[in-house]
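Below, subunit A partners subunit B and then partners subunit C, in two separate complexes.
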Partner chain A sequence: MDFGFCLSPSSHVKMDDIDLTTFNRLKDANPDINTCIACGSCTATCTAGNFTEMSFRRILLMLQRGKEEEAKKMIQRCMLCGKCTLVCPRGINIRKILLDITR
Partner chain B sequence: MNSQIFHPFVLPFVLGMAFVLTYCFVGLFKVILQLPKDDRRQFLRSLVTPKTAWANIRDLFGDCLFHVKIWKRNPLLGYMHSAIAFGWFMIIVIGHVMLFTLKPLEGVEVEGFARTFTNFYYPIFFKYFAEETPVFAFLMDFFLLMIISGILIAVAKKIHSKIVGVKRVTKFGFADNMIRFALWTIFPFRLIAEKTNIMAFWWLYSFDLLIFMFMLPFTRYMHIPTEALFILMRHAGLNAREPRKGYALAQLYSCPSCGLCIDACPMSVNDKMSGNTSAYFMKKLRNKDSEEAKRIAETCLMCGKCVMICPVSIESCDIKFSQRAAVPYEIHSDHSYLDVISTEAERSGEISSTKPKTLYFAGCMTQLTPKIMRAMQQIMESAGEEYDFLDKDGGICCGRPMLLSGKVAEAQAMIAKNTELIKKSGATKLVLSCPICYKVFKDEYHLEGVEIQHHTQYINELVKNGKLKVKKADVNYVYHDPCELGRAYGVYDEPREAIENVGNLLKAKSEKELSICCGGSLGSFNLTQKERDEITSNSVADLMFNNPDEIVTACPLCLKTFARKSPVPVKDIAELFVVHQA
Partner chain C sequence: MKENILIIGGGAAGMEAATQLQKMGLTPIIVEKSENLGGHIAQWDRLFPAFHPAKDVVDQMLSQVKDIKTYLNTEVADIQKDNDGFHAVLSNNEKIDAKAVILATGFDIFKAERKQEYGYGIYNNVMTSVELEKFFRTGKDERINNPKKIGFVHCVGARDVKVCNTYCSKVCCTTALKQACEIKEVFPDAEVYTFYMDLRMFGPGYEDLYLKTQKDFDVKCVRGRVCEVSENMDGKLVIKAEDTLFGKPLKMTLDVLILMCAMEKNKSIDTIQQKLGIADNSDGFMQNKDMYLGMNGTAQDGVFVAGACTAPKSLPDTIGEARSVATQVFNYINNK
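So, the complex of A and B:
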C-alpha cells in the first residue's frame, strides 16, 4: 500500500552481525588506533576535507561499524598530505593507517 | 724457481676466476637487457659522447682505483681501502707486466691453448714459476706489504671502529664474514709462500682465492666488478625504475655495505633504528628479503643524507622510491573533485581578476603554522610587493606526499590542477614557504616563465634590493638546513646571508649537506611518534652545539617538529624579518 511517504531505512548497526575482519587486521597492525579519542582534529585540518566530506574520524567510525564500502569510498579523496598525523593529540600515525586501508 | 709451467695448485684459482668471470658477464648482459629500451639506447649513446666518456674515465680512476671519496671522508679509512684494493690491483698489473716483459716462457715448449692457459695463472703465481728481476721483486714486495698494512688496519677497525672515525659498522651474516676472512688471509699466505716456497702455503693461497671468488657474487665484494658498470650508468643519467631490475640492480650490487650511511642516518640514534639504514636496505633487497626491504623503504625519512655521503654515490632514495611505487594498492585515489574546485575558485576568484606578479603558495604545512603565513604577508606588504595568495583558505596539496608514497599517477592529478591555477594567475614569480613543496615544484611542475623561489631566497632578495629594511640585533641564531632545500637543491647560502642581516649566525655541529633531519619528515610512514621524538632530540642537540639563543629554520614541518623538543624558541626565518624590521 502506498501512502505517498515511507520511513527512512534504519541506520541501526547490529554489532553481532557485522564483519570486522578489516578493522581488526588494521588494529593489529596499528595498535595506536585504540588510543583515538575521536576529537576530530584530523578532520578539522584535512586538506581534502576542505573540498569534500573526507574525514578520517568518520572513516575510523565506519570501519568500527563494519561500513567498509563507505569508508573505502571516502578514503579515495585523501591527498596524503599528512596534516592529520601532525595535529593528532594522541600521536596516532594516521597517514600509515590511511595507506594500510587502501592496500 | 721451478722449471715447470704447471702445478695442480693453480687449479682452485683458475676455477674461481672462471666462475667469477662467467657470473659477471652473464650479470652484465642481464642488467643491460633489463633496461627499458630508451634507457638502453641512452646508456649506449653516453659511452661514446665525449662529455660523459670523460666523466666516466675520471670517475673510473678516481672512484674505482684511487677511492678519492673515501680519502675525503677519513684519511685512515681511505688508506685502509686503497692499500688493499689499489695494492691488489697493482700486484695483478705488475704480475702481467712481468709476464710480458720478462718472457719467462721463452724457449719452453708450450704452444696453442696451453700457452694461453698459462697467461691466466702465471701473473698470480709468478714467483713460483719464474725469477723476478730485483726491481720487480721490490715492487711486488712493496705492494704486498702495503696490502698487509691495510689488512692490519681493517683488523683493528673490526676490533675498534672509532680509529677510522666510524661509530656504527654494518652487521654481517656468515657469508660476508667468511669472505672477509678469506680476503684477509690471501695476502699473508702469498707472502709466506713466496718467501719460503712451502707447497702448503701455495695451496692455501690458491684455495683462499677460490673461496673469495666463489663467494664474491653472493656477498658485498661484488661491488668490485659492479661499481665500474654503475659509474657508466650513472653518468648516462638513468633512473631506477624498478627496485630489482636494470639500473637499480647494478646499484644493489655496487653497494659495498661499508656502513658509512649508518652513522650519517638520522635514524641511527639507537641500535634498533640503525637497522633501518640504507646499507641494510640494499642488502635485504639484494637478498630478495622483500618484506624487510619494503618495511625499510617505507620507514626511511628520505632526507637524502646517505646518498650525499655514499662513497659509491648510490642513489638509494631513488631505489626506495621505486620500491614504494612497486607496492600494489587495492583502492586508488579519486581526485576528480579537484575540477570542481578550480571553477568555483575562479568564479569567486581573486585569482584571475587582478594579475599580480608574485604568487604566494603557503602549502599544507604552512597552513598548520599560520604565523609563517602572517609573517610572509607582513614582509610582502612592507616591501611593497604586489602579491596574491594561491591558497589563502586552504589550497590543494602540492603532490609531494602522494609522490613519496609511490602513487605517481595520483600525484599528477594534483600537480596538473595546481599548474593550471598558477598559469591562470599570470604570475611570473612563485614564492613557497615549504621546502617539501619547493622540491616538487622544481622537479615535477612545468611552469615555463614562472620563477620558483623559496621564501628564504625571496626574503634575501628583498633585503638585498633594499625593499625590506631591517636592523641587526644582538641575538645568536643557529640555522637548520631543511633536507629538501639544502641537500636537494643546495640552498645553503641565501638563508645564511639573510639571517646575518638581522642577527649573529652561529654554526651547528653538522651543517649544510651534513644537516640532520628534524625527524618530522613526511617521507617516513612507519616511524612512531616516540621514534621520531628521539630523532628530533638528537637533531636539536646538534643544533644547540654552540648554545644559540634561538633556532631558525626555513621549513614549517621542521618548525613544528623542533618546537616539541627544543629548549630555546624555534622560529621560521620569515618571523625574524618581521621582528627586526627597521
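So, the complex of A and C:
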C-alpha cells in the first residue's frame, strides 16, 4: 500500500567518502587549478552559459565534491571559445583544463 | 620639560608610544599588569604575511624601552584628575603624578566556550588559534598527533550578533591562512580546510599569502560557516557546514579543528576607564574622539588611546597608532 511517504536521500556532500582521483590527476597536470577564487568571471562571460547551466566555477567545485559525472555532463555545453581563459584574474588556463577533464 | 606620561599597558602599543615619547624628551612610565612586557605579540611565533619571527620584533621593542621606568605585575588601582594633571595610585601603593595618560590596554581573546556549537572545552581536539600558535612556538600539544585532516573556522566570536560582536576582527583571516601554511609545513601530508565567510586580505602582501596558501600549500578554502561540531566514536570531530559556492551542505571528519577567535576589549581596566570618563563604543571597545583625525583622543582632556583597545588591530596598525599618539601627547603637553 502506498501512503505517499518515502525516504529522501541525504543532500549532504559526504567529504569523507569522496574519490578525488580525477581531480588530483587534473591538479597535478594543472597546478593553477588551486588558485581559483570563485569570482565567477568565467561563468559570467561564458558563451554557452548564456543559454545553458554551463559554469566552469561549478565544474571545478563538482570535481572537488565528488560529482564527476555531473561535471562531465555540464562540460558538453562548452564551445571552447576560450573567453573564460581571457577574463580569469588568476590567469588559469581554463580552456586547457576543460579539455583535460574530458580527455 | 620632563613631564610624566602614564602609559597603561606594556604591549606593542605601550612600548612603542613610550619609546617615541622618550625621544621627544618626555618621561613615559609604563604600568603593565603581567610579569612581562610584550603583550600578546610576545606569545606569538611568527607574523603574517611573511612569516617573520615575532621574537625579532618584540626583542627590538624591548631593547628600546630598557631605560624607561616600568612597573611589572602592577595595575592602576585608582586615578584622579585635577588642574595639575593625573594622580594615579598603583596596586603596590606607589603614587604617580602625570600630565597625560595613554590607555594602551589592548585586547582579550574571545572565549571560545561561548560558541558552544563548536565544542571547545567539550571535545578534546577543538583548539584555538592562540593554542595552535603556542604549538608552533613550543612544538608541543597533545591534541596535535600527526593529524591527517585539519580544519580552521574563521570568525569565531566575530560578525556574530548572538555573541554581541557584530564587528570583523580584522586579523583572523590572514592569521588563519598563515597558520594553515605553517601546519602544512609541519604535516605536509595532511589535508587542510579553512571555512570562511569572506577572506579579508586587506594589507600589503596578504593577497600574496592567499595565493601562496592555494598554490604552494594546497590549502582548501571552503566558503561557509561551520554550524556544528560533534565527536564520533573514535574521538574524531564531525563537522557540518554549507559549501555556499556549491549550494550544498557538507559533512566531514577532522582530526583537529582550530577556532580563529576574535579580539574583544581587555576588560581588566574597566574601573579605571570609567573613572576617566571614557565610554565604550558600539563594539564594546573604548570610544575615541573620532575615527579619522581624533583616533588617539578621547572625551577626557589629557587621556589618549592607542592600539587594540579601540578596535581590533594588526601589529602595523598598532605601531602606527602608538607613534601617532606620541605626537598627540607631545602637542598636548606643549599646548599646540
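Operating definition for what follows: the second predicted complex is superposed on the first by the 94 of 103 C-alpha atoms of A that agree within 3 Å, B and C clash if a C-alpha of one lies under 4 Å from a C-alpha of the other, contacts with A are read in each partner's own complex, and residues count from 1 in each chain.
Heads up, the rule we're going with is that a residue touches a chain if its C-beta (ideal position, glycine included) is under 8 Å from a C-beta of that chain, and two chains touch if they have at least 3 such contacts.
Everything quoted here is computed from the prediction, not taken from an experiment.
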Side-by-side fit of subunit B and subunit C on subunit A, or clash: fit
Partner chain(s) touched by A:57 [first = subunit B, second = subunit C, both, neither]: second
Partner chain(s) touched by A:11 [first = subunit B, second = subunit C, both, neither]: second
Partner chain(s) touched by A:47 [first = subunit B, second = subunit C, both, neither]: first
Partner chain(s) touched by A:70 [first = subunit B, second = subunit C, both, neither]: neither
First, second, both or neither for A:34, with subunit B first and subunit C second: second
Subunit C versus subunit B, contacts on subunit A by residue: B
Minimum C-alpha separation between subunit B and subunit C after superposing on chain A, in Å: 15
Doubly contacted subunit A residues - partners subunit C and subunit B: 32
In the complex, subunit A residues that touch subunit C: 11-16, 31-32, 34-38, 57-58, 61-62, 64-65, 90
Partner subunit B, residues of subunit A touching it in the complex: 32, 45, 47, 50-52, 72, 75-83, 86-87, 91, 93, 95-96, 99, 101-103
Complex interface listing, subunit C residues touching subunit A: 210-211, 214-215, 218, 220, 223, 240, 243, 245-246, 248-253
Sites on subunit B touched by subunit A in the complex: 327-335, 337-338, 340-341, 364-365, 367-368, 393-397, 401-402, 405, 407, 414, 520, 522, 525-530, 557, 560
